[in-house]
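Take a look at these structures.
What follows is chain A paired twice: with chain B in the first complex and chain C in the second.
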Partner chain A sequence: MAKVTVDGIELEVPNGSTILQAAELAGKEIPRFCYHERLSIAGNCRMCLVEVEKIPKPVASCAQPISEGMVIKTDSDMVRKSRRSVMEFLLINHPLDCPICDQGGECYLQDEAVGYGSDHTRYHENKRAVNEKDFGPLVKTVMTRCIHCTRCIRFLSEVAGVPELGATSRGEEMEVGTYVQRALSSELSANIIDLCPVGALTSKPYAFTARTWELRKTDSIDVLDAVGCSIRIDAKGPDVLRILPRINDAVNEEWLGDKSRFALDGLKRRRLDRPWVRQNGRLVEASWEQAFAAIAQRMHNVAGERIGAIAGNLCDAESMIALKDLMASLGSGNLDCRQDEAALDSTRRAFYLFNTTIEGIEEADACLFIGVDPRREAPVLNARIRKRWLAGKFPVGIIGPSLDITYDATHLGDGPSAITALQNGDHEFAGALEAAAKPMIILGQGALARPDGAAILAAVWALGAKYGVMNADWNGFNLLHVAASRVGALDMGFLPASGAKNLAGMMQGGVDILWLLGADEFDMSRITADQFVIYQGHHGDAGAARADVILPGAAYTEKNGTYVNTEGRAQWGARAVMPPGQAREDWRIIRAFSELIGHALPYDDLPAVRARLAAANPIFGEIGQVRRLAGIDLTGPTGEGAFDAAPFRPAVSNYYQTDPISRASPTMAKCVAAHASPLASAAE
Partner chain B sequence: MMTLERPLTKNIKPNTPPMGLHAYQAAGGYEAVRQTLGRVAPADLVEMVIQSGLGGRGGGGFSAGRKWQLMPDPKADPGPRYLVINADEMEPGTFKDRLLLEGDPHQMIEGIILSAYAIQADISYIFVRGEYGTAITRLESAIGAARDAGLLGRNILGSSYDLEIHVHGGAGRYICGEETALLNSLEGRRAVPRAKPPFPQISGLWGRPTVVNNVETICNIPHIVLRGVDWYKSLGLDGESGTKIYGVSGRVKSPGTFELPMGTTLNDLIEHAGGMREGYQLRAVLPGGASTAFLLDDQLDIPLSFAGVAKAGSRLGTGTAIILDDRTCPVGMLHNLQHFFAQESCGWCAPCRDGLPWVERILAKIESGQGEMSDLALLDDIAGTLGPGRTFCALAPGAMASLVSGLTYFRAEFEQHIHTKSCGWT
Partner chain C sequence: MHLTPADIAALGEIVGHYPHKRAACIDALKYMQARHGYVSDQSLEAIAVLLDMSPAELDEVATFYNLIFRKPVGEKVIYLCDSVTCWMLGRDKIARKIQDLIGIRQGETSTDGRYTLLPIVCLGHCDHAPAMMIDDRLFGDVEPGQLPGILEPPD
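Take a look at the complex of A and B:
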């Protein structure tokens, strides 16, 4: 610790802090444009200049480390004059088109100009104008507004690991761009919109939609992958207009994947906004009463074991527990949440969680991927792995497809034979795992959703046991899920009861009545014509097309729901807008139906459902928390059988379209088109 | 008058190709290398250079030996270490390094071998201004000859010391003369300066310990080694060591470069250049290139040493004087200089990127007769906000040095432009 004085306040700050950090600890705000806590220090905007005693020149506080006894002034005449002059320089070439700029109202430059700007200009020469760039379907550019802070350049090259932006030309001619015009290829590209301190980079889909002060802001959780990023949903009237990341150091820091941010226009399309009942082979609009009556009628005299339920990937825990309880009351244990039929073992949480935790990645010292594509399955989590890799001494091995994951990795093999080789120590990467004190393995759903999945799971656990991946201080055994609902469903046991049918068992006439709760991700042709299908969900996707009765539910932005992320962290999503038309919150639909058929579920408000959840598994009551489990018990999951020689295929092949919402999103479709033919856009 | 010793240029004859390896060795070349490698401890060599009082000839004047001393111990931080020669000579009016590179490339190489040995560097890069094609060709040819003679490569002269020298031609950016921008450029990155700390000695080229030295600085080393510290100190005047390659441009009878004792007066230097041409009077001098403040004709007796020029309110810089005569418009000259700096700003930091073009435009306005008196106050004000500390590197503060002094010394000419709405100089 070093003692410094900031504006007369004496305080102790950690050695190696910058003056800016010391000032913040002293409660002094230092204006800045280029500096960002999570990026490298640039020191180029010169807005953060402060005065330091015994140093004759003003000092850039973002880049200057403190030293013992430093006396810092953040608000002297010299400092104010310096900031005013920097502001004047920045505004020389800034167009001051705030009235037509989407950044207006949430613009650093605008905010600081109130403090340090002048009411008139002394610059009477021509301003520069810069040609627009085309960064693809997500990021809109007005490069004339750019103040060259280079945050976007640094983000893409440092955090996203895709160094696609840079500067060309010097001096006043300097421009930020891609050099050869092309769409940004990072799954995290839109974070540069948040980072841009001015209106040079704004959201293309959101352009000219609303002003920030018109928006209703709701803190919630993203469900389009299993990371559970903290988000803020910005809505106006009945519409979700914008989704932004919230800071959550334990999960997403302050980043968000492009899909999670921009699939929101899918929330307005292909919506199920009223019940439908199939009559004479065609779906016709119906009332809630008619829809419920049709189900009740079909269920009449059907034995419990002839009824089954499948939970989809976006389901909240509340609706799943309600459906599970309903099924139990009907005498059915035919439940499954594994639409991909991944061989998950729910007997111990350690078998299906990302045990290391996302924050824990930063402690790891080696990593092995098995059948997983972290960049497309969980881009924000991949950024954390990259952050660890950048810190150095972090060997990464891949078993599975050799993909660009934005950092260096050793490719060990395409399929299960590489696991055997590693188990036998027949690969040089074995040395890296052996040398590591905190090695981690990340096993993807792609490696489990195959006939030999259970054997793979058991073999990977055994591999972990051999290389000390699980020990008393550390658990490096990790499953990376892709479905936001999956861990919650496993935690509550949304799985076949003993002797009951799993998804495969329910197919091909295995049950007479199938209740699909937002389940769209399996092959509907496996359901035979005589099976009666209830689809409860929010989008007219695969499940609804096969349904005999459609119950319109709420999307994640329209309900209060609990989701457990891949780490096992229970989090609450919140309702930002009402579901459209006659659609309702999903657990309430099930509760209403249960009453109709005389099996009323014993809860009728949200706290009561959540109490039921916590009773089923206490983790549902530990909101925001994660239990880091030590890897003491080395008893592995039971899985036997021979390996299939087929190479692993990652669970996500098309990042932009993975669920009913993103498949309904025109913006996501544009992303797919932009990345399907990058050369075409470059040649334009 | 005693004959002046000119160790740096003794092998250089105008309009003659440089000495080849044999001629250079016959003239005593590489003797310093033979006496040093494996015989003198690197630390002793560093100490010798500190004692010699050799100051950085790129313009900083900081003790070369002390700069070397900041390199970490190779045992504590094993791995590659670099010596980078800054030969990106782009300062307007400056052409002294070109003389040394083209005129005596082996002297450069010998200096590099000794200096790299002193800092225990195993790789050296010579970053040469791209337009210096002749220098690049001659350096590469000399390096080839030296390698063939066992003076470069592995186990030089059986000393178990290894060194490779690579010549890198710059792509034409003034900012590459700034040592950290040079390192970025050498790494293939955009040529913008890096933040200091960390200094290059700690984290330089590719994050490894690196010393960046000017051409002329390094060319001094063989002579210091061979002839000793006392001899070297005796060469200089005014308490300074060694000789300096001064340059003179402007309307003098014989503009060019001159190796003279460090601390020679401006008067003497101009005399070496043959004095002013007929019909021209000296008005002012930029003593060390375009980034230094003007000296006036009543300051010609000051010694051209780092301390001497600083005392007179300017900087020695590269020691290459640009003479402003009485028939050249000072406003036009300043506009020309500011045009250069505005164009060469790398664009990294806001004040330099946006401020210098503004300055240039105001000067253009005044020069073309469209200026107003308020523009002068504005220029004064902007110059203050582009001073040291306000910008990321020294480019803009350097640019302001000539402008601020020019605004003071040539106020009458500025006002005349404004009042008469024309330049008036032909």
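Take a look at the complex of A and C:
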């Protein structure tokens, strides 16, 4: 610790702090453009100048470490004059086109210009103009507005791990751009929109849509992957216009994947906004009463064991518990949440969670991927792995297809034989795992959604036991899920009851009535023509196309729902807008139907459903918390049988289109097209 | 443009002079420019791979220095000083004379590919302003009338 004085306030700050950090500890605000606490220090905008006694010139506080006894002034005449001069230089080539700039109202430059800008210009020469760049379908550029803080360049090379941006030339000629004009290839690329302190990089799909002060802001949780990133939903009237990340150091820091940010235009398309009933082979619009009556009529005299339910990947826990309770009241235990038929073992939470936790990745000292592609299955989590890798001494091994990943990794093999080889110590990576004090294994759904999945799960657990991945202080056994609903469903037991049918058992006529709760991700042709299908969900996707009755539900932006992420962290998503048309919150639909058939569920408001959830598993009451489970009990999951020699296949082959919302999104379709031919827009 | 085995050997030797590969980037760019007259996109990408840098990073370096050319130049590059002293003592007249003689303005390459004319900031020859340089040869006290002899030296 060192003693410093900031504007007369004496305080102790940790050694190695910068003046800017010391000033923040003293509660002083320092304006800055290039400095960002999650990026390396550049020190090139000069806006953070402060005065330090015994140093004759103003000092860039973001880049200057403190020393013992420093006396810092953050608001002296000299400081204000210096900052005003810096601002004048920054504005020389800035177009001042705020009225037509999308950043207006949330622009650092605009904000700081209020404090340090002049009311007139002394520069009467021509301002420079910079050619536009093509950064792909998500990031719009107006490079004339750029003030060369290099945050975008640093983000892509440091956090995203794809060093595609650079600043060419120097001085007045300096321009930020991609090398030979290619679309950005990172799944995290749109975070540079948030980082840009001016309007040089703005959101292309949101361009000229709304001003920030017109928007209604709702804090919620993302469901398009299983990480459960904290988001803010910005809505105007009935429309969700924008999704931004919120800071949550335990989960997403302040990043968000491009799909989670931009699939929102899919919320306006292919929506189910009224009930439909199939009559004479065709779906016909119906009222809620007609739809419920059609289901009740078909259910009449059908035995419970001939009814089944499948939960989809985006479901909230409230609707799943309601459906589970409804099925129980009908006498059915035919439930499944595993549309990919992954061999998950729900007997202990440690068998299906990301036990290390996302924050815990930073403590690990070796990592083995098995049938997982974190870059595409969970880009924000992958950024955390890269962060750990950048810190050094972090060997990464891959069993599965060799990946285009954002850090160095050793490829051990394509399929299960590599697990056996490692178990026998037949690969040099065994040494890396043995040497590690806190090794991690990340097992993907791609390795479990195959006939030998149970054997793989057991073998990987055994591998973990052999290499000390689970011990009293550390649990490095991790499953990376891709479905936001999955862990919640496993926690509440949305699985076949003893002796009841799983997804495969319900197919091919295994049940007479099938209730699909937002389930679109399995092959609908496995349902035979005489099976009666109820599809409850929000998009006209695969499930709705096969349905006999469609019940219009709410998307994640339209309901208050609980989601448990891959770490086992229960979080509350919140309603930002109302569901379209006659669509309703999903658990209320099930509750209403249960009453009609005389099995009224014992809850009729949200707190009551949540109390029911907490009774099913206390996890649902511990919002935002995660229980880190030590790996003391080494008893493994049961799973026997021979391995299939086939190589592992990743669970997500197309990052941009994984669910009904992103498949309905025109922006995501543009991303797929841009990345299918990355050279299409190359300028020669 | 793929690197020839000779290029790779030469670049390897350059890299060997430094503790970090990327430290050799300027020397590597200069080497490629000496071999091909300029640094093409393809050679930039090839060197970037060799130095464990991204093409964007290497392009930042290449475009920072005005003596690294990212576009083809003529056989001879004429650098005409445009600093204060040379400007006061008539460098504009020299530029006009060059345009009369070989038909190129600053930043242009003659159609026969023999000359490129570039402005440069201070050749450190102010006491003999106006100054110019052709490749590595420095000329001071240049008068427009001397230019034919400077540009077309008698063999």
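Everything below uses one rule, namely that the second predicted complex is superposed on the first by the 682 of 684 C-alpha atoms of A that agree within 3 Å, B and C clash if a C-alpha of one lies under 4 Å from a C-alpha of the other, contacts with A are read in each partner's own complex, and residues count from 1 in each chain.
Note that in this section contacts are C-beta pairs under 8 Å (C-beta built on N, C-alpha and C of every residue); 3 or more make two chains touch, one makes a residue touch a chain.
Owing to the predicted nature of the structure, the values given are computational and were not obtained by experimental measurement.
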item	value
When chain B and chain C are modelled together on chain A, clash or fit	clash
Touched partner set for A:Glu172, first chain B, second chain C, both or neither	first
Chain B versus chain C as contact partner of A:Asn565, first or second or both or neither	neither
Touched partner set for A:Ser662, first chain B, second chain C, both or neither	neither
Partner touching more residues of chain A, whether chain B or chain C	B
Touching partner for A:Ala63 - first (chain B), second (chain C), both, neither	first
Contacts of A:Pro163 with chain B and chain C, given as first, second, both or neither	second
A:Ile92 touches, of chain B and chain C: first, second, both or neither?	first
Colliding region between chain B and chain C, picked from 2-10, 20-28, 38-46 or 92-100 after the shared-chain fit	20-28
Chain C-contacting residues of chain A that also contact chain B	166-167, 169-170
Contact footprint of chain B on chain A as seen in their complex	41, 43-47, 49, 56-60, 63, 65, 81-82, 85-86, 88-90, 92-93, 122-123, 125, 147-148, 166-167, 169-174
Chain B residues touching chain A - in the complex, by the definition given at the top	173, 175, 190, 195, 197, 342-358, 361, 378, 382, 385, 387-392
Residues on chain C engaged by chain A in the complex (per definition of touch)	41, 54-57, 59-60, 63-64
Touching residues (chain side chain A, partner chain C) in the complex	157, 163-170, 178-180
